[in-house]
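What follows is a set of structures for review.
Paired with subunit B in one complex and with subunit C in the other, subunit A is shared by the two complexes that follow.
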Partner chain A sequence: MMPAALSEATPLLSVRDLTVRFRSGRETVTAIDRVSFDVPRGRVLGLVGESGSGKSVTALALMRLLSPDMAEIAGEVRFDGRDLVALPEGEMRRVRGRHLSMIFQEPMTSLNPIASIGNQICEPLRLHLGLGRKAARDRAAELLAMVAIPEPRRRLDQYPHELSGGMRQRVVIAMAIACEPRLIIADEPTTALDVTTQAQILDLLRDLQSRLGMAIVMITHDLGVVAEFADHVQVMYAGRGVERAAVRDVFGHPRHPYTGGLLRCIPDFDGDQDRLVGIDGTVPSLTNLPPGCAYAPRCERAQDDCRIVVPDLEAVAPAHRAACFHPLEFAREVSP
Partner chain B sequence: MRRRLFGKRFKIVLGAGILLCICLAAIFAPYLAPYDPYQQSLVRRLKPPAFMDGGSLRNLLGTDNYGRDLLSRLIYGSRISILVGVASMALSCTLGTVAGLFAGFKGGRVEQVVMRFADAHSAFPDILLAIIMTAALGGSALNLILVLGISGWMVYARLVFGLTRSLRERSFVEAAASYGGSDRYIVFRHILPQVVPVLTVVATLQVAQMILQEAALSFLGLGLPPPAATWGNILAEGRDRLFGAPWIAHTSGLAIILVVFSVNMLGNGLREALDPKAAGAGR
Partner chain C sequence: MLNYIARRLIYIPLSLLLVLCAAFVVLRATGNPIDIFLDPNHTPEQADVLTARLHLDQPILVQFVIYLRDVLRGDFGDSLQFGGPAMPAVLDRLGATLELLAAALGVALVLGIFGGIACAVWRDRTPDFLISTIAIAAQSMPSFWLGILLIQIFAVDLRWLPTSGRGDGWHLILPAATLAAFVLPNFVLITRTSMLEVMGEPFVVTGKAKGLSAAKLLFTHVFPNALNPILSFLGIQVGRLVAGSIVTETIFSWPGIGRLLIGSIFQRDVPIVLAGVVVVSLFIILANLIVDLLLSINDPRIRLG
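After this line comes the complex of A and B, so read on.
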């Protein structure tokens, strides 16, 4: 891994004011509103939020997989010196899968049911590295061995339905790392798996990440995954970034009331708590956001200014940003 | 569990077997046919088939109004029926599949234009189109193929469009885009292979439709002009003599039924074999 100073200086991925608007009929819905974050080389950023907070849209926008007919992307996504938002489609295609790849949530559906495992892993290899049939097959077997699939040679000729969910997710990971990309976007890679498999997949990802020196954007709603896996965290709410800091700062002393609320929702098994705590209210509809802070209607600290002006994501401490006019006190300790 | 009387393997073997015999007959018609199908003989007019009273082994299936040997005419007629049936199916299948893939994958305005055009074309009567085209171009095997091929594309377009639309939203298609596949790559590598099994079944069944349509057009005088030996023509000639010489209409009618039956058998067998829900049991 690179020295911290250098990796901080030139982040691999630098997202500035990324905004995604969806057109539906005459209306436009802002799914992501001026989201900014950096991912240093070889590090892991956890992107956390509830359903509908814009995590997956962020991932698809970074990959430029949103149909331009429906979505309008603004802002800057600087990846390894190039602005992906402005890149022509043909060049973007050479980046996808080669330097930047994605792991999808559902291993059941993200593999083609009628193509063999081997052929599917060979696809990115043949597309990007121009490997021949034989060379691609050998490399595919190597990749399967890397993701710890037993008997890789035999698996090459099997079809997705012959594998378990965990195995399929390993195949998906093998496809994602096939060309040794610099960044992997993992969109809830463990959500569809059972708990023991989740742990194995996370271990595998961590192992591959340190071996190949990849950076990962880990999108999840599971704070446990973030605590274990990420270096930095960006918390999202209703399409906006509300808090961003190193993982220990976010978990140790969250400053945004929403993050604090999320952490309080984690059941505390050895404490004296006998009821699960939730956050009252629901995520506002993106078509009908309140004028000020989107969290204000549910926030116990909200005051008049919160309901009028949208707070910016500003530094509340060194390397700790929160979008809140009345952040939580620093002293507050919430253990995950 | 008790096996069904007609399993998919039985259907495929029976259908393909009969079709193969008919195809061989069509290919080797000059060697198989006992007579020239256009050879007229006034003394041997309207002879009944060998198995009826007054029939002889000289003309196994009897003769028609001009004394032409019916068996020979049927054998030669199978050439036209099969050629037109298969070629027009291939034409409409290609047109429809391309249109459906394009409309389904692109969506938006392309979809609107292509699918509304298919709707409009479906509302237009086939027979009328056939009359217009034969009147303009004249009756020939090629024109028949064009007429039938062009009037059948909407079935495929709708089918492929629907499948493509749903496949496009599947996450393995998104995944293919995420590792750098181009639109064309995704369509040909990931969408088309999934459409093909369904397409095969529909296309097979469509051959039977096309053969029937060809017979119907010939029957109406819109196919190949009369002396030509086609099943539809023979059937049309037999209609005038349905009481005096019923074998003319019966034999040609039975030939059509036999082909359509075997094609349908094959198509249904294939559907059972290729249906993912039924798969696994017999593979």
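After this line comes the complex of A and C, so read on.
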């Protein structure tokens, strides 16, 4: 671990040029291409994008959960001073679930159906903290209470099929926070839940985040979740980061036309809007990306240069980056 | 849990009743018992006496009830070959058959499961290719042929093992290997398929994200989940194994129920056949009950259903 003085200054997680290529047969597909972002200690980064934009692959790559047989990871993932990409698997195992843990999208399938809730929560406690059977069980009950599950003692002996979707997601969260990690990667943690449960789970996550001082990478396609939850946003499109800034900047003055388009898609129920706005066209296939900016075919501001050269994610304002040759003007306000 | 066992127990008499019905029909269909029990030169008086003793003058339904009553009392009639009551003669052979079945099943389960796990872990690589190929080759090999081949190699040519009969542990090796080979490939293949299916489940990624090692993940999360299809399959295989034991016991002159049954069928020793069928059926039913219990212990979702 790093000396305290240094660790205050550096971000907890610093991702530089993270690239993931999948091999399938002879072809390789670049699922994420030179993605960079920072997550300061105790802060929340929102990773936003459509399906296929590389959000989940980014999450799995950070945790090194992609099979090395299929995926090739390049770049640097500096977490608490160590580069996770270069870490031997044995050491990576001691990071996973201990300092860096993950909440999955599907609470129905992300729990082992034939292991009791208690055993599944005790696992990381016994593995990483070396707790005995009894101590781990006590701690597991405390964790269930922390995630607001009623009658935690009784729940320990129950099985996933005896709990509702929202309850299961609470169990998944309890498992993720068991060892009080410094960073949690939440991969669309509320997508599979109904709307009221979504709100409860988000409230719970925010509460835990402030109580435990964890940093969170919140992966979502829901801009509302980001607006409420995140400090910083990274917008992804076709495996590349296209805009990165503080939440108020991205929502107040989006600079990348894609971000602007996404924000316009949010229905405005107060105004007199009578049609839902969308972005014309579809996300290009990763196996067949256009030569220049991946968004150019759908972009109303695209010019010839956009179709030839891939724009880098460059500063367009202090602490605001966008990968666009012809960004939206700063003054332009898009009311979410 | 007790409730579940009780519910399962209700099925035993029902299954057994069906077996007895089938046996009764077959017994009556194979010819007049008088011709079977008496020698061809019997007098009409002898025939009448036997007809009365066997209640053959009664309506068929009454005969069936009398047959059920006798069977429930454990009275299957006297063996034509041995003279004494049929059931004890069958139970005498039970030990030998159970020994053979246990040895074969043990070998098939252990090797099958470990082989299947190895295939799944090294999927599409050399170990998988080797084991799967051997399994498929073994599956296509008839067990009477394999048995004779093993006798030729290990008993006749190499003289390492006895050719037949039951005695010390050495006698058990060849018949057990033959019978195990009959079901082992299926265990390899079903374990492989089942493991691969579970390995793709999201909760396996969850386990890895907790920091579990590959081996721990494999044996604490993947294998218990893969066990259900393997156990269900085991229930089905017990029946096949018993059928296979008839062939194996005959090849190796193993003094078990299988060989006794085959011999008795040729001798038209109806009481022995009947007693043997009941014992074998009961064995298969009990084996399936045990499998169901194991399933419900392994998977909490089954206890409710």
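By definition in this document, the second predicted complex is superposed on the first by the 327 of 336 C-alpha atoms of A that agree within 3 Å, B and C clash if a C-alpha of one lies under 4 Å from a C-alpha of the other, contacts with A are read in each partner's own complex, and residues count from 1 in each chain.
Here, a residue touches a chain if its C-beta (ideal position, glycine included) is under 8 Å from a C-beta of that chain, and two chains touch if they have at least 3 such contacts.
In this text, all values refer to a predicted model and were calculated from it rather than measured experimentally.
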item: Partners on subunit A (subunit B, subunit C) - clash or fit; value: clash
item: Which of subunit B and subunit C A:127 touches, first, second, both or neither; value: both
item: Which superposed partner A:296 touches (first subunit B, second subunit C, both, neither); value: neither
item: Touched partner set for A:208, first subunit B, second subunit C, both or neither; value: neither
item: Partner chain in contact with A:111 - subunit B first, subunit C second, else both or neither; value: both
item: Subunit B versus subunit C as contact partner of A:323, first or second or both or neither; value: neither
item: Which superposed partner A:159 touches (first subunit B, second subunit C, both, neither); value: second
item: Contacts of A:102 with subunit B and subunit C, given as first, second, both or neither; value: both
item: Clash with subunit B, by subunit C stretch, listed 8-16, 44-52 or 62-70; value: 8-16
item: Interface residues of subunit A shared between complexes with subunit B and subunit C; value: 63, 65, 93-98, 101-102, 104, 106, 109-115, 123-124, 127-128, 172, 175
item: Sites on subunit A touched by subunit C in the complex; value: 60, 63, 65, 93-98, 101-102, 104, 106, 109-116, 123-124, 127-128, 159, 161, 172, 175
item: For the subunit A and subunit B complex, residues of the former touching the latter; value: 63, 65, 69, 93-98, 101-102, 104-106, 109-115, 123-124, 127-128, 172, 175-176, 178
item: Subunit A partner contacts - residues on subunit B that touch it in the complex; value: 107-108, 170-172, 174-182, 185, 189-190, 193-194
item: Subunit A contact footprint on subunit C (complex, rising order); value: 201-203, 205-213, 220-221, 224-225, 298-301
